[in-house]
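Structure first, commentary second.
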Amino acid sequence: MTLGKHRWVIAEGYIPGSSTGSGRAFESHETTCILNASERDANVRITLYFSDRDPVGPYTVKVCAKRTKHVRFNDLKDPAPVPRDTDYSSVIESDVPIVVQHTRLDSRRAELALLSTIAFPGD
Amino acid sequence: MTLGKHRWVIAEGYIPGSSTGSGRAFESHETTCILNASERDANVRITLYFSDRDPVGPYTVKVCAKRTKHVRFNDLKDPAPVPRDTDYSSVIESDVPIVVQHTRLDSRRAELALLSTIAFPGD
Amino acid sequence: MTLGKHRWVIAEGYIPGSSTGSGRAFESHETTCILNASERDANVRITLYFSDRDPVGPYTVKVCAKRTKHVRFNDLKDPAPVPRDTDYSSVIESDVPIVVQHTRLDSRRAELALLSTIAFPGD
Amino acid sequence: MTLGKHRWVIAEGYIPGSSTGSGRAFESHETTCILNASERDANVRITLYFSDRDPVGPYTVKVCAKRTKHVRFNDLKDPAPVPRDTDYSSVIESDVPIVVQHTRLDSRRAELALLSTIAFPGD
């Protein structure tokens, strides 16, 4: 099945620097959810843009054929971790068509806040 | 009225495994809201994608002509229930044009959190 | 300026039947935010779709040239009020191009929950 | 890299007039997040539309090449500050392609509420 696009943009980006609650599930985080519904593995490259410095990347992620991967920006390490409490944007590029959705869970206060949107398909 | 597309993608998917509050309204859930504004009944097939196993589906849903159906992923049973606390994505296919929107209500904490986005139209 | 489309769809729709807090600002509500950036007044027709009955409408709304109108579904009365705690979808049609965004504020619990998405452009 | 569109619309707009918590991070606010992934600086013009008065603007913002800027509507001052507790819409225009996402943080109650959506690409 061919479904999706090769390039996607998430213009919003901000990982809250604090959390309440315990465990990974309740840690403040941002996620790029990637679906690869095709028959071929996807080699995905993520580039981060900032307000006051050059872009950082690419971060490389493999999403196997007929699989989804929910990538936490918090977990990206190479070439550099994603700074907290910092505005950024991201561009996601793949060699096979994928679909991308952006989600944030904010647990800085005791109760959760969520946001989500389908990313912008760049081509 | 012809309105919508035949294929839709929700790349984010995650049903929180716990809830606070009583009753169906406050149970943590995810929904695919489907509008069939056409004159013909829609035969809808939902396929779920996971990070570590083969896709599951199709789940079949009928949305009558000129009706909406808000399908809770929590309620899908056949061919298999949707696991909680698990990342997934979904592809929604229909034989007549439909419009799809994704919503999550998270009541793991005492207060509610909500997210929603129009799904990605695949064709 | 010509900006937007003539038809829009909001597949999700649900007005929570209760609220906490006082005043209109904190009442649980759903809104269709309409921008008419054109030089001509827009005659807008909203039709509501339900899961178990025929569509209701059109509700008629005028959005003047170069103005925005944030229409609360709670306020629609003619031809019939919108039932609470009930799944619905809406189709918004205009004789001039407009842009539509959907928002819900849920105050059933003491703290607020919000969702929003750009609607689906139908043509 | 050419990525994005020259015109974007955010039909929803509303800056809550009160906040809880201390500091800029927790102040109720609305943001237009702009990514300029191109090689050229972007000259961006924002025009605000209201329900009962003429449009206000343009507000001018420069987004340098390969940079993101998360512009708070709260911070716009020239030609006029953005009124609080007031419905508005915004049109964002740029001389190079950009991508725009809309976000609100509402801290009127003690806990946060968030919403976000990719804006509507006008061309």
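Things to note:
Labels for the chains are A, B, C and D, by order of writing; each one numbers its residues from 1.
Note that contacts are C-beta pairs under 8 Å (C-beta built on N, C-alpha and C of every residue); 3 or more make two chains touch, one makes a residue touch a chain.
The shown structure was predicted, so the numbers you read here are calculated from the model rather than taken from an experiment.
Taking shared numbers over all numbers used, the chain A to chain B interface scores under half, which places it in the different class.
A rotation of 90 degrees, rounded to a multiple of 5, brings the CA atoms of chain B into register with those of chain C. Centre to centre, using the average C-alpha position, chain C and chain D are separated by 21 Å.
Separation between the centroids of chain A and chain C, computed from CA atoms only, is 30 Å. Chain A has residues 110-111, 113-118 in contact with two or more other chains.
Listing the residues of chain D that touch chain A in their complex gives 1, 3-4, 21, 25-26, 31, 33-35, 37, 66-70, 99-101, 103, 105, 110-118, 121.
Per the touch definition, chain B reaches chain A in the complex via residues 7, 9-14, 49-52, 54-55, 85, 87-89, 91, 102, 104, 106, 108-111, 113-120, 122.
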